[in-house]
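Residue numbering begins at 1 within each chain, and the chains themselves are lettered A, B, C, D, E and F in the order written.
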Amino acid sequence: MKIKIINPNTTWSMTRTIEQAARKAVSDDVKIEAVSPTMGPVSIESHSDEALAAVGVMDEVSKGEVDGCDGYVLACFGDPGLHAAQELAQEPVVGIAQAAFHVATLVGRSFAIVTTLGRTLGRAQDLVDEYGFTRQCVAYRACEVPVLGLDEHPDAAYTSLLAECRATLEQCDADSIVLGCAGMAGMCERLEDELHVPVIDGVAAAAALVEGLVRIGARTSKRREFANPGAKEMVGLLSGFSRP
Amino acid sequence: MKIKIINPNTTWSMTRTIEQAARKAVSDDVKIEAVSPTMGPVSIESHSDEALAAVGVMDEVSKGEVDGCDGYVLACFGDPGLHAAQELAQEPVVGIAQAAFHVATLVGRSFAIVTTLGRTLGRAQDLVDEYGFTRQCVAYRACEVPVLGLDEHPDAAYTSLLAECRATLEQCDADSIVLGCAGMAGMCERLEDELHVPVIDGVAAAAALVEGLVRIGARTSKRREFANPGAKEMVGLLSGFSRP
Amino acid sequence: MKIKIINPNTTWSMTRTIEQAARKAVSDDVKIEAVSPTMGPVSIESHSDEALAAVGVMDEVSKGEVDGCDGYVLACFGDPGLHAAQELAQEPVVGIAQAAFHVATLVGRSFAIVTTLGRTLGRAQDLVDEYGFTRQCVAYRACEVPVLGLDEHPDAAYTSLLAECRATLEQCDADSIVLGCAGMAGMCERLEDELHVPVIDGVAAAAALVEGLVRIGARTSKRREFANPGAKEMVGLLSGFSRP
Amino acid sequence: MKIKIINPNTTWSMTRTIEQAARKAVSDDVKIEAVSPTMGPVSIESHSDEALAAVGVMDEVSKGEVDGCDGYVLACFGDPGLHAAQELAQEPVVGIAQAAFHVATLVGRSFAIVTTLGRTLGRAQDLVDEYGFTRQCVAYRACEVPVLGLDEHPDAAYTSLLAECRATLEQCDADSIVLGCAGMAGMCERLEDELHVPVIDGVAAAAALVEGLVRIGARTSKRREFANPGAKEMVGLLSGFSRP
Amino acid sequence: MKIKIINPNTTWSMTRTIEQAARKAVSDDVKIEAVSPTMGPVSIESHSDEALAAVGVMDEVSKGEVDGCDGYVLACFGDPGLHAAQELAQEPVVGIAQAAFHVATLVGRSFAIVTTLGRTLGRAQDLVDEYGFTRQCVAYRACEVPVLGLDEHPDAAYTSLLAECRATLEQCDADSIVLGCAGMAGMCERLEDELHVPVIDGVAAAAALVEGLVRIGARTSKRREFANPGAKEMVGLLSGFSRP
Amino acid sequence: MKIKIINPNTTWSMTRTIEQAARKAVSDDVKIEAVSPTMGPVSIESHSDEALAAVGVMDEVSKGEVDGCDGYVLACFGDPGLHAAQELAQEPVVGIAQAAFHVATLVGRSFAIVTTLGRTLGRAQDLVDEYGFTRQCVAYRACEVPVLGLDEHPDAAYTSLLAECRATLEQCDADSIVLGCAGMAGMCERLEDELHVPVIDGVAAAAALVEGLVRIGARTSKRREFANPGAKEMVGLLSGFSRP
């Protein structure tokens, strides 16, 4: 089984962190392939970044289909391009926000999201609501560390993140913490050790879910909405995305 | 006052239809400028098409800001790139699905959506739910005419659309019909004459709403989520979208 | 185009303030006619006041239909008599709470209501929920200034209102403030200048929306619920409201 | 214990039917006093009728407070003026739609409403949603018999009502039927005998609930929203409703 | 009329308190019979306790059917075994959480739950949501007194409970307080005297509701879900629960 | 890794079917141990059966904790005793309804449940709502084959089930089918081959999810609601469940 992990931003050092988290989350017989797209934002911190990142995600999924991948993880907490990816792939695709919410609701009644920048919490709320977890998500929090700050100043970032998690748990009854950025994957274990509640990294969650889906043969329904999109001409800069 | 109407697909004949519908919807002192992006899909009929169309929308909004536009309409029923556009523009941006739902709920308790292809109804449902109109939207219907079919075979398309609208009204108590594609703008009046309920074209609705928002000085809140996104490097094919 | 603005309370000084706010919100070719009913409460601060005010609203809408008005604004934040008015009028009717919520959700994800007396917030909540904006309204606040206090002691009222708005923004992430009383219309611009987020006055919002609806020919659906009510005898004090 | 049953319409023959239904629903030591207001519509079949009926309801509740009533039933399925009545009375007030929904959800998971005219179902839906029973109400149906038709042509009306109830049960899984008009009170038992599911008459339901509330001393909270409204001047036709 | 009050825990001193509260809540011609099961937990403070208590509840309902009871109250705030009891009984069954929520929403817009141990609030939330009162329940609070502490140290327990109620009312706008344990029944009146808002004891509420349901002949629908379960063999320890 | 599969009914032939489905769903290095409790119903088809089955589930989970199991699957579609099991186990516990809904929402927007007896659909609805999938579950269907009929007359049962699935897909737009009984596990693959949409067996889904949870170290939060319940005395028949 080969699972492709797509880090939708183009910062490969983060892709490496993500790869390690995914590898630990799956059985020994699963091959993990982690990539960044060849195009798009170096980090994703706004709706504009999300929209541009989705293009690269589509590109990587299309390549993965040629390569015979068995499933895909989209490793950005905004799940950019998820629905498009589900159309393009025959095999299951799971976003890390989606995966983290599913796991959180399997281990408790309620969870709190702790993310990087507060401005991205609107997107998190849209995803929570779309996936059905409105009632279970009891807090939306941000430590206000930029995404690349996790990579560049990991100690300071960890300190801020831990403080925000602690404050969150003091102020609400969440059963668990969902980390709101793929770049936090490497900090998950330490946080859990200090906080004594489940701390959920979406990268590990998504990799484990995709392995499970593949093992039971659960693939995206092609009945209607997620059927492969038909032929379509694209023009200008995006003409390479034309579907013959 | 200058309102820029962005048809997210690249089929200019459709852009002309849209322009006419918008012009009729506003006061004489409002200037309407209707464009298609230089890049992207010739029609939008899937999540993949939506994702690619969002890029062109962002490009046109950015140009509009330089040109001093006072407001923007996104004239595709999936409202592609709406949140990104709200970040990039200082002035109000309204999508035609959004506008149509707002108008429908001002003229009745309930509405039904009648669109082109059934596979796009998932996106419509996500928008209805996100905007808050879950309870008011009582039917999701499709006449299964492709988007470009509206342009190329208007008579056959009209016949199919009318039949689907009639069936919808017979099978549910909707107070009004919301047309699910900008390409149906030119058929709205005829449909209303035959159906004897309000038939709402999102293009006209959005143009009228943007004029109103501009007149009362209501602009997108820049407090947090929709603040202008900061500097960001984009790589590869999308490097032209880097924000300095 | 003639839009009738009905201030459901019988305090004409407030009606004049409302008229000015409405006039600024519409195109030059729109005629604004602002009135108070000949019957009912001098201010509206309870469910009892709302119920009595609805009678006068119905009376003014019926007169407006004879006069050939093109649309109506109900300028009290409880939208008293809105559904009755929609039955009685052929042309669009918009309440200012309704209008303010619609505009608030076009300029941001979330809004907070700041009103006069806390006891009226139950009504505000019912309207938010009925119109579909449960998720978007993130705070219900009151400055505890009575309605006529806005008119009689405007400076003290403004100070209290500003303080409540500031406290609201500090304590929640609302993208905008919705003012919860027509009598606050004249304070909107100053508040926005000080608060740096959109502050929405329902009077301006409603006037602009009604102009838009009229321009695109969107009238209340007469399919079922809002069809003109048939003949009906009324007895006693209300016999003048009999419908022949 | 004295419970006042207010039939919000002014047709006293219907008030007598309602009185009988209420009397059967309470203990022997409860005194039932059934009245129609001195003003308002002869039957209630539209939002306009509801709004006018609320005035008479308020009048009768105010008189009841002077008379020392222990509780009130509002015997029209639109619960007109309920919130105003809760402000004006120290003692509990229950509407028959409200009561019917409460009883229906105590005897099963789901219920269907079968009412007189389809145009009143919008009001029913608003009440269902406001009271919290959105999930439990699985069908909204009308037999299209006018309210006074129940009184004037009871046999024909019964036949239509029974047919509509049967069709409802065939087409959905409702555990019970809620009758959507006080004028149907006298038909409840026969319908239940024929349909073999609980058929709930709101008049009996409300009378029983009010008796229970009085017995356990449960009165409307006067903490905030339903506190007695303060002094207020009313003008014109409604000056008699001024509160000193 | 004979109403059987089942205290699902096996502490008979608590059963006596519950009996007194129920007796005060009904008419003189109603006979109250209060029991504890012969099996199960001495107090109910976890999901595990709830699950075990449900068995004894079923046993007592089955005995009650043989004895010709007219209705049942389940006097534990988790309503353990309610749906099973509704299947087994021909006559109405009401849980005290259910009853308290119904009464609270008849006397105000909103309520707060104040219970014993915080760990039981998850169950309370599930019940609130299932019964339809999500919007109305605005606070979930616990005084952290164990259930048997109410019985063994009533003064200390009362002090803690009163303090928690006061804090709750200061921190939210609840119209009333719902007591979250049958063991608090004896403290209800004193609390109401001190707090000046309705304080609702589910035991009294349920007894009054069952009397009302019996009086109007409202019995559990046997149409589908709550039909008497057919024959079934049980094995091992539970073989006595086999249904022939 | 050892996963214990608890079939809450006491029919061991069904337990064997379940065991096979679970074994296929996990990696080779996972040990599957499938059991039925020593007590309880031979099949689960009512709320009463569910309540009694929960006792045996608790017993088996407690034994599993002594045996050092790494995770648990509750293999009955009503997820009986799930919350109690989560309290008693340190390791993850997943119910098959829960698992099936999670998997269905990972492979499509919407799903339909097709179960055995219609009377169990109320329980299914409660679970769907509690877990957050109200919007995604678009149909509740039953083939009216009793649970043991799946085991005793598999060919006839399959024919009925297939027909009901086909009718469901014709009448709604569900992206996938969720099978509503563990006893259908052996029919899943054949159904999927004939229906051309994902058909989800909760046993396989739950086994795969538990393996994933164990692999990423995600255990039930012990923060509050699901903390191990403290000491408690049980009396009578259930005294063996006392917690020292």
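Throughout what follows, a residue touches a chain if its C-beta (ideal position, glycine included) is under 8 Å from a C-beta of that chain, and two chains touch if they have at least 3 such contacts.
This one's a predicted model, so the numbers in the text were calculated from it and none came from an experiment.
The chain with its Cα centroid farthest from the Cα centroid of subunit D is A. In the contact between subunit D and subunit E, the residue numbers used by both copies make up over half of all numbers at that interface. Here the spacing of subunit E and subunit F, counted between their Cα centres, is 29 Å. In whole angstrom, the spacing between the mean C-alpha positions of subunit C and subunit F is 52.
For this pair, subunit C with subunit E, the centres built from the Cα atoms lie 44 Å apart. For subunit D, residues that reach two or more other chains under the stated contact definition are 109, 118, 121-122, 129, 135, 173, 224-226. For subunit C in complex with subunit B, the residues that touch the partner chain are 24-29, 92, 94, 98, 102-103, 105-109, 131-136, 173-176, 192, 196-198, 200-201, 204-205, 208-209, 211-213, 215-221, 223-226.
On subunit C, the positions that touch subunit D within their shared complex are 10, 37-43, 45-52, 54-56, 58, 81, 83-84, 86-88, 118-123, 126, 129-130, 224-227, 229-230, 232-241, 243.
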